[in-house]
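Paired with chain B in one complex and with chain C in the other, chain A is shared by the two complexes that follow.
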Partner chain A sequence: MKITQGTFSFLPDLTDEQIGAQIEYCLEEGWAVSIEHTDDAHPRNTYWEMVGQPMFDLRDAAGVMSEVASARATFPEEYIKVNAFDATRGFETVRLSFIVNRPSVEPGFGLIRQDAAGRSIRYTIHSYATDRPPGERYS
Partner chain B sequence: MTSTKEAEETEEPAADLDAAMAGSGVEELLATLDRDLVGLAPVKTRIREIAALLLVEKLRARVGLSAGPPSLHMSFTGNPGTGKTTVALRMAKMLHVLGYVRKGHLVAVTRDDLVGQFIGHTAPKTKEVLKRAMGGVLFIDEAYFLHRHENERDYGQEAIEILLQVMENQRDDLVVILAGYRDRMEAFFGSNPGMSSRIAHHVDFPDYAPDELYAIAQLMLEQMQYRLSDDAGPALAEYIERRRAQPNFANARSIRNALDRTRLRHANRLFGRRTDALTRDDLMVLEASDIRASRVFADADPVPDPDADARAGGQP
Partner chain C sequence: MEATDRYRAGVLKYAQMGYWDADYVPKDTDILALFRITPQEGVDPQEAAAAVAGESSTATWTVVWTDRLTAADVYRAKAYRVEPVPGSEDQFFAYIAYDIDLFEPGSIANLTASIIGNVFGFKPLKALRLEDMRFPVAYVKTFEGPPTGIVVERERLDKFGRPLLGATTKPKLGLSGRNYGRVVYEALTGGLDFTKDDENINSQPFMHWRDRFLFVMEAVNRASAASGEVKGHYLNVTGATMEDIYERAEFAKELGSVVIMIDLVIGYSAIQSISKWARRNDMLLHLHRAGASTYTRQKSHGISFRVIAKWMRLAGVDHIHAGTVVGKLEGDPNTVQGFYNILREPLNQIDLERGLHFEQDWAGLRKVMPVASGGIHAGQMHQLLHYLGEDVILQFGGGTIGHPDGIQAGATANRVALEAMILARNEGRDIWNEGPAILADAARGCSPLKAALLTWGEVTFDYASTDTADVVPTPTPA
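And now, the complex of A and B:
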């Protein structure tokens, strides 16, 4: 199941050239670019782990692209995304965020039904990725 | 923007150097270099040569002759205050105009910015700096401090290795300029043959002659909107002569510091007579006494008496 989330979720995966162009745009806007990774891309999982430090004071996308390449080499079977943070007063938030790497097999999610009081049912989404402990997932 | 425009202009006459030169905007850059920088004749010639090479290389590429991307890493050697950083800034601009670096900014660093304090600290630090310099020029001042031959476990070696790797593999992404004293740079290259072989251009910055230093001082004063009184001119010339003979003389930098101190004394002098109304001229003109109060004149004559100074000083 192909997971889509973030700014370009409706598009096919971006090529490296397109990723570079997007990063170039972010840097022109003065946003700080950072890279994060996770194996559990649950839509409500906002706590992805950082890859290196957020990159401030960059002028050219080549620096971020080399960092993306090293993140892919380190976590080939995980989701990796690029975030651009706008520190302008009033925004102070992530302005752009998109996935740049995904595992070869994406386990997806299961729907869990829970019987509650009075025959009502509660639904929740469960990542199959979290069935096994970290390090053994996707193997 | 400029590079695409230039590409169109030079498309039809593939080997028209004149048109390429005019279209690229390099000529103006070289002209401002000539105008703004006093002296440095060998450096200017070298830069002109490099500009010519890069331009010809672009024309060659256009007609399908390929020699591979030229190696642009450079080393600037010379004494302090001879304009290495200033020229590096101009070089970054020139490479940008010619389309060899994408952004054309200069990141100036020293050993402290590259080398860490403990194991595992150096690589991220160096990479951080390299990332910041991508698309521009990385200027490493006093690069020989990276290598400490007396300590083979010094982390500087790690920084050098990362630098070498990037200098080799990401030649389109950044240009590295190493700078420092000539003899120590030569020793550095001697112990790091890998570094030496990756640097195509060695540019040597000569010391300034006294009259060049005087011209530099004039240029600086003009920029700061000061001017010298009639007898302050000879005083400054004499100051330069004496300062050059003293230790720790740093060429243009010493001149800048001397002018700053002269401004200080000038302000103090005006303050001493604050009951008078000051004219615009008073605020602009530096007097001989402002210059002659300097420590440089002290050993010859403790009293700043212009006549005594003229007799005693000047001739070594």
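And now, the complex of A and C:
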């Protein structure tokens, strides 16, 4: 499977040139770019690991791209995403977020159903990746 | 006028009774209303404006001595400005100021019982339309507003940087719960973020509401597991009584839905009640504006949708249908952008071209996500993004379910078209002019999009709008 979180997951994987153009756009908007990675892309897994702090003072897309490259070198078999944070009053939130690296095999998710009263079912979305401890996933 | 004359039993003109005051300077705490009035032949526009002020505040048709037991001068609404509507012979804009203490805090029902109460049937007027309102910060702060708002909705859904995508299940009526859930599953798995009950799907013989909720939630969860994304279906909890509405909302919560839906026809108090429920239960609240066009569309009489949008931001909904510009339903571009600005901006500046006659400070009230729905398709993606921006839900009902290769393909076509357009826009391309080329490029790698463009690429709904701004920019010669 291919998880489709992030702004551009329905397009073919972005080239470095395309990623650079998106980062350029974010910097022009005055947003702070950050990089995060995880081996568990559960839809409710809000807190991926941060790769350093958000780059508040870095205004150069090439600089961000070298951070992306280094994150890919360190976590080649994990999901990596680029986020852009807008501190403007009324937003103060992420404005763009897209995946720039995926594991070679994406294990996906199972749906666990628990029968409840009446015909109700309680659903749990289970990350197959978490069947193994961190560090041993995707290997 | 001396008090003895003013309060002698009998009939006075409304202007003489104190409802017209050309020297009145509205206070920062006043609630302001702008009406479009069409007086009957021979009725003086100022007197007509005064009558509207009177009938929407303290007046009755004759003098009453009991006025003298009150601070009547304060409680009387004051018409303070009347001007001809540009380009019109018999219509006038009347500005009226109301003291804040005329209204119960935090109650749309009370506000509207005054402002659109008796006055709309008043005989000396041929027609009356409420065009715009200004609410002082002091009054805005008596409302809780949207339970979730755009920012928190996106954070909960983990979806940023693009409009959200939805579709209304079709046919609107007649599907069984099981078949209905199939449509939901296909559309969400294909790439949509939301699917939607239609306004008139409640609990009919062919599908009782509990059946729908159960099958739909199976579909939503399966699609979520298949994509790794948070997905939702607006479960319409509209019912005959408030007890029914709460019962349906509770069941939606129990099943783990992220969103419920109501129709505008349930009424303002019911909307405020379910809004408070949604706030307590961390539920997105989708409002379908069923019935609105009966009184918003014609320019001479009724209520402008911009006023409904303001009331609904105060009452507290997270989504509201606000027009598409390019689709099958009424919508002049500037007028629709005015609605969107009301829903999304922290402060609206006066913008006559877009029909905004007052500055409106929303005082930190959360933002409402506008929904564009009705006769739109993937081939219009560049136009939709150009007119409506990024914080909007684009709903392609027929444009998803009517796809020649099936519902999943329809959903995928829309999602690919959207992502390709956002990518191109962020890269600095001129999507207004290059849009069709950008879509054609994206379709080369995506056969569902190619088929969608072939099927609907040329479909447009090119009719003149009835609800347009009265002030148009005059091009200045260079």
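Some observations on this one:
The definition used in the following text is that the second predicted complex is superposed on the first by the 136 of 139 C-alpha atoms of A that agree within 3 Å, B and C clash if a C-alpha of one lies under 4 Å from a C-alpha of the other, contacts with A are read in each partner's own complex, and residues count from 1 in each chain.
The criterion applied here is as follows: a contact is a pair of C-beta atoms (placed from the backbone, for glycine too) under 8 Å apart; a residue touches a chain by one contact, two chains touch by 3 or more.
Every value quoted in this text rests on a predicted model; they were computed, and no experiment measured them.
If you put the two complexes together on chain A, you find that chain B and chain C both fit without a clash. With both complexes superposed, C is the one of chain B and chain C in contact with more chain A residues. Rounded in steps of 10, the angle chain B-chain A-chain C defined by Cα centres in the superposition reads 100°.
By the touch criterion stated above, A:110 is placed in contact with chain C alone, chain B being left untouched.
Judged by the touch definition given at the top, the superposed model places A:55 against chain B, while chain C stays out of reach. With both structures placed on the common chain, the touch criterion links A:119 to chain C but leaves chain B unconnected. In the superposition on chain A, contact is made by A:1 with chain C only, not with chain B. With both structures placed on the common chain, the touch criterion links A:43 to chain C but leaves chain B unconnected.
Of the two partner chains placed around the shared chain by superposition, chain C is the only one that A:93 touches, whereas chain B remains out of contact.
Following the chain A superposition, chain B and chain C show a smallest Cα-Cα distance of 13 angstrom.
Listed in rising order, the residues of chain A touching chain C in the complex are 1, 3-5, 7-12, 14, 18, 21-22, 25, 41-44, 46, 83-84, 89-98, 108-111, 118-123, 125.
Partner chain A is touched in their complex by these residues of chain C: 151, 154-155, 158, 160-162, 191, 210, 214, 217-218, 221-222, 224-230, 254-256, 346, 367, 412, 415-416, 419-420, 422-423, 426-428, 442, 445. Across the interface of their complex, chain B is touched by residues 52-53, 55, 57-64, 66-67 of chain A. Chain B makes touch with chain A in their complex at residues 102-103, 105, 124, 128, 130-132, 134-136, 170, 173-174.
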